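To start, the structure itself, in structure tokens.
A, B, C and D are the chain letters, set down in written order, and residue numbers restart from 1 in every chain.
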Amino acid sequence: MSHLEAEREVEAFPRAAVGRHIRRRDHFVLLLKQSWLARIGVSIVTIALFLTVFGPYIAPYDLIAATPDIYESPSTTHFFGTDGSGFDIFSRVIAAPRYDVTIALVATILSLVLGSMLGLIGAFFRGWTGELLMRGSDSVQAFPLFVLAIIFVIGAGRSLINIVIIIALLSVPIFLRLIRSEVLSLRERAFVESATANGSSRMRIAFRHVLPNAMVPGFAQASITMGYAIIIAAGLSFLGAGVQPPTPEWGSMIAGGANDIINGRWWISIFPGAAMALTVFGFAIVGEMIQTVLLRRT
Amino acid sequence: MLLEVKDLSIEYGSVGAPNHGVCAVSFSISEGEIVGIVGESGSGKSSAMLAVLGLTREGGRIVNGSVRFEGQELLGLTREEWRAFRGSSIGLVTQSPRAALNPVRRVGEQIAEVYRSHRKATKAQARERALELLRLVGINDPERRHDAYPHELSGGMAQRILIAIALSCTPKLLIADEPTSGLDATVQAQVLDDLRRVTREVGSSLALVTHDLGIVANYCDRVYVMESGEIVEESDVESFFARPAHPASLALLSKQQDSQDEALRLRGAPLDRIVLPSGCFLHPRCPFADQASGCMTEHPPLYDIGAGHRSRCHRHQTVRDALPSRYASA
Amino acid sequence: MQAPSKPILEVRNLVKHFPLRGTSHVVHACEGVSLNVLPGETLGIVGESGSGKTTLGRCILRLIEPTSGEIIFEDVDITKLGRRQLRRLRSDIQIVFQEPLDSFNPQLNIGYQIAEPLLVHRYCNKAEAKRRVGELLGLVGLPEDFENAYPSGVSGGELQRCSIARAIATNPKLIVLDEPTSALPPGTEDEVIAVLRDLQEKLGLSYVFISHDLLLVRSLCRRIAVMYLGQIVELGERDTIFGNPRHPYTRALMASVLFPDPTQRRQAGQRGEQLEGEIPSPIDLPDACYLAGRCPHVRDRCREELQELTEVEPGHWVRCWRSAEGELTYHGPDSLPMERDQGGPS
Amino acid sequence: MKTLILKRLCFVLPQLVLVAAVVFVLLRILPVDPVDRIAGQFATPELRAQVEEELGLDRSLGTQLGSYLAGIFQGDFGTSWLTSDPVREEMVERFPLTLQLITLAFFVALAIAIPLGRASAAREGSRVDKAAQSYSLFAGAQPDFWWGLMFLFLFFFKAGILPAPLGVLTPGRQAPDEITHFILLDALIRGQLGVFVDALRHLALPVITLAFVLTGPFTKMTRQSVLSVSKSEYMLYADATGLSERAMKRSLLRNGLAPVLTLAAIFFGFLLGGAALIETVFTLNGLGLYAVQRMLVVDFPAVQGVVVWMTAFALLMYLIMDLLYAALDPRVRYSE
């Protein structure tokens, strides 16, 4: 995998005349100014986060109360139409981030924290502890992870917490490898040796010098993992192994309309799917932006 | 004259607001000659020499000038013509030999491949040629080295492989761009000795790009000093080392001459090349700069100071007298 | 002339082997190095890459744990110190690394990093530390507002001066300089050397100056140790090493110096000091002279016994039996050896 | 090279045992009771005990695990609790479909991504490059199951050019007699061109859907890798030695594609399980769908079998890719 990691250079954005001295915040703003892709990404993520907090409150219809209008195509009363139970799709689409984005966010943060801790341990304990950790994480990579997730969620019960736990666990190896390799390379850097030569304690070196630098690629990866986490969460619900209907959640809404598609009732699946696709795309763009800004080599 | 470069200019950056790269550089190399091109890093010496091969790094553009090789104008060649020319008429040896070799192919194959790109030869003939070249550049056990991969070679060995590649089609001119800067002292001397020996054996000229005046003094016949993308001094080696006539040359010498004379040193780091100062490009750092001589206002021309020795310094006389002449003979 | 003072640092028989992962082989980085540093002097350590000079420098601070040997700093054997005491010792011995940009944490400003040793050693409180940082920056010739700069925004030469400022923050007595100028652009090398000279004069520092650049070592050091494959092969005063080198390796090294002087042009092979090939890998070295495979003066005995560092004249040590027993004598650095068994003029 | 293979094989077996053990234990510690589901919630204790004995659940966990692992080594994955058929046979029946689906998707994705990535790298900074990059970013972040539905709507419902998502053959059409279990191959071997075309038409949409999502990371990787090779010192040097155009292109491909292959192997392993979604959308009776369906009815032997089978296959892919990489890049051979 090392050759993969070495190639981790991102260039989806214009290589502007970015001087070495430019600050990260300014660089971010510069990207926004120069790239429409960046503007799209940031707008999507902003809207998604806004809806995560306020979505359920601004939804025009009750989320799980059936209206008499069944299978109504999009109109001015129901922007995105209604489904077989008479639910207003628009309301449910904008309320869904409350579940999807929250699941992804919590899972990503959990796996980032867990993965970095394990990565740090894996790098600092080079003996059998570290070896075992790495072998374990290697084995996990060969696992059919999605099947594992299905097994876990169905077996342990389709609760939100279980979904979050399994998605977090699936992403841990990514962060573990990333942080570990980063810490290993940082340990060889002269500034860490310098700190040792200064008489700094090992704790100080680990938490003041090594970890903050190692976390930089971790944060960049986190935004990308966010997008995947949304897809996995929705995929689980789509298979009936996730959030259960009638909870407003994109995956289960798509599943609910799957059979209607071939009967021409396209709106039931299309709108939640499009919302999700856009959201994931948005997080992917922002992830690239963060990578561009954070991983800028000086 | 084997190679004649006139008013060669290279720009970097965007077309609207170009960075100053190399400006109006002229130099020449005759047959059998070893010429040194010296300067601090970033002085434009490598760019100028790469441009002779029609190559630029990082989106540079050759905007002006003429490069004549054996009387033929090179700028304006088509892609295919360039391809046929490079490697067969001029060979190149670069700074980091291990990076310049394809990491996934055997070195012998790489030599043979270049040979076959320019000469009609069967695989077996090309292999023979590769082995012959390995022997020529002083590699013991060429059969074994032929099958080695670049990462298995030491720096000195890899540099010899590059020399073998550069010489594969017996070019008239060899450009060696800092050929030894990554090597240890004893290896550096060996490689340079071998480089001089083989160019003599095959009858090529050699352009030696370096920042080390020690190399120039020991191996070159003539020298060009570059600074801020310009040639600031040119001379034959004896006259140059006897009485260098430009502050940039003095600065390069001061480090190696055990002289601790603060007064002769340039101040500060090389300047940002986006905005160059008026007058002499060097004046903000120059200990000799002087209002009365026009250093701040007038860009100096290349003053001819006799016997082919030229200096781009208004105060070249003062500069020449600054160093106690160590070699009174010249 | 002062009476020879007591050394501030004494390294005795230092050995460092790095085990090769997954094999029983070891890399011989240091193989019985002994030397001392006097107060206020600069000891130069020269050698090619792979000679173990960098490992030696790291061992002196115990950034790398030596395999065996003693390192005595002011009467204390620092190889025996516990972790606590070792940390305290590090306010007395400091190091400057080759790559300035790499020696600073990219996320913290320079001022903080210069102050770090002060704060770690509870040398003073935060306000005083801030004042001291300004003072230190002044000492290395930089303006005070550098403390707010970040490492990536500063030139290589300036940053290297900052790392010198950091090294002298706790008033150390000895500084190991590990190729402090070889990663800098040529123009900025001089300023760093000037700062080092200046500080030595002002603060009476002792330096261990590690370099591969013979000309630089000659201009800066009073005594010089030449290393080859983890061993010191020759040690002596600067003028002895440059004027009358006795070890074949030192002589080859000297012969390879390219002086910027066309009247002393090097002619290939002329001096008879060329070594065969390149420095071998320091794995599994023979119980013989390490240079035997490359030396132009090799005899059977060289391939049979390990060489001892012998004092051939006061203060001049050579690790070569032929030289020690007077079989090889030279007159000046450029002359060919006079070999007794060939009956040359004596 | 041989030692490399042996070394890797030494790791593969323990990994496989570990994975089998983990999934076995996981299924048994999860709070779902198979006896409940099979005997019914209101079964008498006698019936429960009988079911328990039939399923072998009355023995200790260790014994169960031991005999399961021993069985796997003899190629016996146990019998399904649902159908009482050997799990191995059920998997052999379904796996070829999944494999055909994924393999086709990979070929399509690589056939699009490699030229696109190369074109993008060759014109770095141009509009083409930016478009290609935006596309790869977009495609790489898409839910494949939703796109499957979209394509269905467009090509089946609206345009009517592709068949309904009901399996791999039009209902009523006879599958060829099995030789390889790969329906496309079997149809060709038997000379049943009609069946071949029909299967291909049914596979077209799922393949396109998967390939679309895969082109994202593949294009990005190709671009990056080709770019870093073409900017490398050795390509500049090759240019300076006047190396022939053909030789330059060969270097670019050989040096640039190795990382893409590794990435492909990783995705291949990942997609074995991930294909469950697409198989569901198109009602393709593959291994992924099988796993989901059997988990829903608590058929533990079937689920275990799928996990072990997929892991083994993924490990095999990694091994092949590693060897391929080692063949392409000598540096790997020596660092092992």
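Here is the rule we go by: contacts are C-beta pairs under 8 Å (C-beta built on N, C-alpha and C of every residue); 3 or more make two chains touch, one makes a residue touch a chain.
Predicted model, so just to flag it, every value in this text is computed and none were measured.
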item	value
Topological distance between subunit C and subunit D, in contact steps	2
Set of chains whose contacts include both subunit D and subunit B	none
Dominant interface by contact count, named by its two chains	A-D
Of all other chains, the one whose Cα centre sits farthest from subunit C	D
Euclidean distance of C-alpha centroids - subunit A vs subunit B, Å	52
Whole-Å gap separating subunit A and subunit D, where each centre is the average of the chain's CA atoms	23
Separation of mean Cα positions, subunit C and subunit B [Å, integer]	32
Shared-contact residues (touching 2 or more other chains) in subunit C	none
In subunit A, residues with contacts to at least two other chains	none
Contacts with two or more other chains, residues of subunit B listed in rising order	none
Topology of the chain contact graph, where touching chains are joined (line, ring, star, complete, other)	ring
Each pair of chains that touches, named by its two labels	A-C, A-D, B-C, B-D
In the complex with subunit D, residue positions of subunit B that touch it	50, 53, 55, 57, 82-88, 91-92, 94, 96, 99-105, 113-114, 116-118, 149, 151-152, 162, 165-166
Contact footprint of subunit A on subunit D as seen in their complex	15, 18-19, 23, 26-27, 30-32, 124-125, 130, 133-134, 137-138, 140-143, 145-147, 149-150, 152-153, 156-157, 164-165, 221, 224-225, 227-228, 258-259, 262-263, 266, 269-270, 272-274, 276-277, 280-281, 288, 291-292, 295-296, 303, 306-307, 310-311, 314-315, 318, 329
Complex contact set, residues of subunit C against subunit A	58, 61, 63, 87-88, 90-91, 94-95, 97-99, 101-108, 113, 116-117, 120-121, 152-153, 163, 166
Touching residues on subunit A, where the partner in the complex is subunit D	1, 3-4, 7, 9, 11-12, 14-15, 37, 135, 138-139, 141-148, 150-152, 154-157, 227-228, 231, 234-235, 238-241, 254, 257-258, 261-264, 266, 269-270, 273, 276-277, 280-281, 283-285, 288
Parts of subunit B lying in touch with subunit C, wherever the complex brings them together	40-42, 140, 154, 156-157, 184-190, 192-193, 196-197, 211-218, 237-238, 241, 251-258, 260, 262, 265-266, 268-270, 326-327, 329
